[in-house]
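Next up, some structures in structure tokens.
Each of the next two complexes has chain A plus one more chain, namely chain B in the first and chain C in the second.
Up next is the complex of A and B:
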């Protein structure tokens, strides 16, 4: 057992490992985490710490139950459960201390059910952090929808202090009732919301880091966000919806860090284009349909149909004719047949 | 005549070996919909048991009269008669249960457990055996539903049989997603325990039959 070490796919000999990529993602999440800590203080720290600790503990306990030694567990430990725990905490509100069980149970559900039950890293069907957030949302709805903590720094412009997030007031009561400017939404000042999603600058810094390290491609989050913004404009019948719908809620966090998860997104280029397009449309439609933040539900829904995208949108094998060429050939053959028929008919007539 | 061994075999089949919910995965619709509370599970289970006993008895008694070609319509007709009777009885005597079961009560007509037992057991076996088969299969269904109902009620509503335990509730377990989740886990757990126990008994039985005493003791110790 010592001679052979089993690692996750793909089995390429490169310096790039799952562990390395996960550490890159963790580094990219540092700005957003820091912004969350600045805005929400100690409560955010406690939520994040509980979530990360519970995620790692769940994975280790699971592996211990499968009779693995500590040495093996450490050799296979790739920090993906750390990423799951951190991402999960960033999508949760900064809870009061008495609600410590919400991040705890969500993290146990995320890692235990969404990941380990399906076979561990790389075998999960849905993104574990998304599953954890949806579990928290369904289970503790009263704590997840209302009772937002007001962030520490006041807004630059005039704000209306409400218990709802800017997104829910925008969806529920229209563009005029959002109560906060686009710059505030961008910087996260005075915005109520989940720990990691308020400060868009920090998320974009993390995105830039991921791009530099080539962990994600820039096209995918951009397509997702742009399509969501455009469909929101169409739904709201006003171009004014574009920026607020992009900058409020968890759209950027979900687009950059969750929808681009390698395991739960399609495995070829054209499938990915289609996937993020549909994801954007579904997010915008569901947002206007339900009047709540649904990025996590949209990603969960689309994660489930990723195998379909992989099955029906296939990359062109090397040496095969391009699709356009195939269509042209087909058309030509049909035309030729028609010509032959015509000629035959004319021959008969003569 | 029935022997006690027959009753034991039928009982073990209905309660454990061929448990309709956990081993055969039949009748999943009421299982998923009605296990939000333990009381609902018991009510549904007993209702099915009632229908199952009487339909098994009648079908078994008529098994030589019913032509093979039209047996399914005949079975459904008999089952529907007893479901209608049950609905009238419940509506008169236990209206609260009647209300809480709602549409799932008339749907017992198309419950696969009842049709399955009629097809695979009652139409081939004598009346008394069929009656016991109905009773034990129904009880197997009842305990499975109650078990799931207790889990979902305690976790999802913080109650057990309607008594409030604590104020802590994980609403996921009351939702339909939680129903599928709990069902899957219960099936996995039941089959895990069942196969472990069965292989143990198989080994012990094998040892008693074919091995000398010390060897058997050694095998049993394993």
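Up next is the complex of A and C:
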């Protein structure tokens, strides 16, 4: 009797929480992380550890500075900074130990500037992990485009370029010169690249998990990847570009885990269709224009215009007139106005 | 007539319906406590005006408060006894209104309404108005007003969806009083002067569907089991395929929607000359020892209901109505009304009172919104005090307050409350 609770309706709620979603994303990233560790060994582990630790630490220090107690911080901790840290690490190459500061600084930038400065979870304008990667790319360019580690299993009969990703050589020298088959690109064997992006199988396993848990919708990554592939084919004037272009570089990682980030993607179905379509086109155009890996730049760019998508592409309420009818009505009213004007003018003339 | 499937509607949510506890419990008449307090405000519109004074002897079924205006309803005494006075008492939602308090003498001496001379449309409507019948699904809109639409209608849709979890009172009525409910439906159709009658029943009530299939003058429509299937607009869409235009009434789509319980009340008023002073109500929830469907007289204290059905000591929340739209009570010392269709005693495991977290823009609310709105935008702009923008970008005016958005929200945001606040602010400004 004494402890009657009251709350607003509805009193029943779905069991899913923000924390649960973030943990689901972390689980979905496990295969990709494991593949990265297998291919790049201890170095990858160190990069990941530094990045995740720095991300979480940045968030916690920020909240401590805002005079929050540890208890509050833990109660509100939703693992989103873990996701940011891990995703960031997966988009970085496995650095030599002496470059430990690159993941560290990127993570601090990602969480500190791109997320907390804008108000924390849910308030960031750009995806923090993408911001961190772009920060690293711009600030430490030499380490980000060359001197990459040769992955294990490189001896499976491929000519491996250690200077750049297969994508760069494909875009630079043409389709035939990559020297790596689609299967290798798919499995990640003998391909240089960032820690998490080389093994597409692992990424797809993670994607399947996200689909099963209904964290992302299958349409979004599929639209993004397909459009990128098709536009690449059109640019290269050959259908042979389709598979290499979607299997190389960070496209799958970006499409599955970064572009579908809730906070930085549009809030309704129709806006999302348009958003991923435009994103795909921009990615392909940028790739051919710059000849470097640009998925992160494309997503960053599109993140900035998400509010526009939200503003102009809105669902129509149940029972609203169909779009066709609205257009017809509009046309009719314009016609009628014109007729009235004409009539008025004729009247004046007379 | 053979049942047909309702038109598919993709949005909405699937809630565990928890009807199994009270589904097979027959309707039971509840012993009315010594004192009843009958609200003069049991409907949408102006409060009724009390016509009895302290010390008056009243009979069961005697008029005690008269309607005050077009949108209003008469109130009848639910017991026989002595009027103790008109007092301010707490409503379920915590506000105060006038209650006519009556000392029950437990004799239940009854007065009936005058028998009707004929069954013409105008006579039936007048009787519905006289008997104080309001929409018993929850809104409490006077039924007679709803039966006098300004635009021509051709279809009567009976809302037997009962999409709120836990509640089984309409279901029990359909099973136990099938003939009476059907007669009530026919009277409603007659009052409206329409031939087409559709009865929308959710697919999880096969027994009720089978019972109503045998009538040739009404078409049973089997609705998808989803919440909010019982919302007027979605019920009409599912049954007839018509969409109620934005900002318009169901009558603009040629339909009038009435609840099963309302149909039953109409039958009693017309055929038994009995005004509306009692209704069937479901008492359920994991915190309830004996879930029941009770025939309860208006003005019965919820504490009496609680004693009758037994509340577990760990029951944490008491709700009047269903868990999706019914208000939680701060104390069970409040009284039943025409619109209270349930009384739920919920354990902590059934409810979620967690603190809201920041919105992560996942879009789950927009995915389930049956009205295709953007609840997260409404919430965002309402929190910022920008009510006009909330209306522009979120479409707050079309909200039916079903609570689907808040149900799925992973950040547990109080979306329903934001929307209500926004609506209120916008209507104040007008």
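The working rule: the second predicted complex is superposed on the first by the 307 of 350 C-alpha atoms of A that agree within 3 Å, B and C clash if a C-alpha of one lies under 4 Å from a C-alpha of the other, contacts with A are read in each partner's own complex, and residues count from 1 in each chain.
Criterion: contacts are C-beta pairs under 8 Å (C-beta built on N, C-alpha and C of every residue); 3 or more make two chains touch, one makes a residue touch a chain.
Since the model is a prediction, treat every value here as computed from it, not as a measurement.
By the touch criterion defined above, A:139 reaches chain B but does not reach chain C. In the superposed pair of complexes, A:113 makes contact with chain B only, with no contact to chain C. Between chain B and chain C, it is C that contacts the larger number of residues in chain A. In the superposed model, A:78 makes contact with chain C only, not with chain B.
By the touch criterion stated above, A:315 is placed in contact with chain C alone, chain B being left untouched. Contact with chain B, but none with chain C, is seen for A:105 once the two complexes are overlaid on the shared chain.
By the document's definition of touching, neither partner reaches A:349: not chain B, not chain C.
In the superposition on chain A, the residues of chain A contacted by chain B and by chain C do not overlap at all. Chain A makes touch with chain B in their complex at residues 101, 105, 113, 135, 138-141. Interface residues of chain C, counted against chain A in their complex, comprise 13, 15-16, 165, 233-234, 237, 243-246, 248, 316-319, 323-332, 346, 348, 350-354, 357-363, 366-367, 370-374, 376-377, 393, 395, 398, 403, 406-412, 414, 416-417.
Listing the residues of chain B that touch chain A in their complex gives 168, 170-173, 175, 177, 181. On chain A, the positions that touch chain C within their shared complex are 3-14, 16-18, 20-21, 76, 78, 80, 119-123, 262-263, 265-269, 272, 310-311, 314-321.
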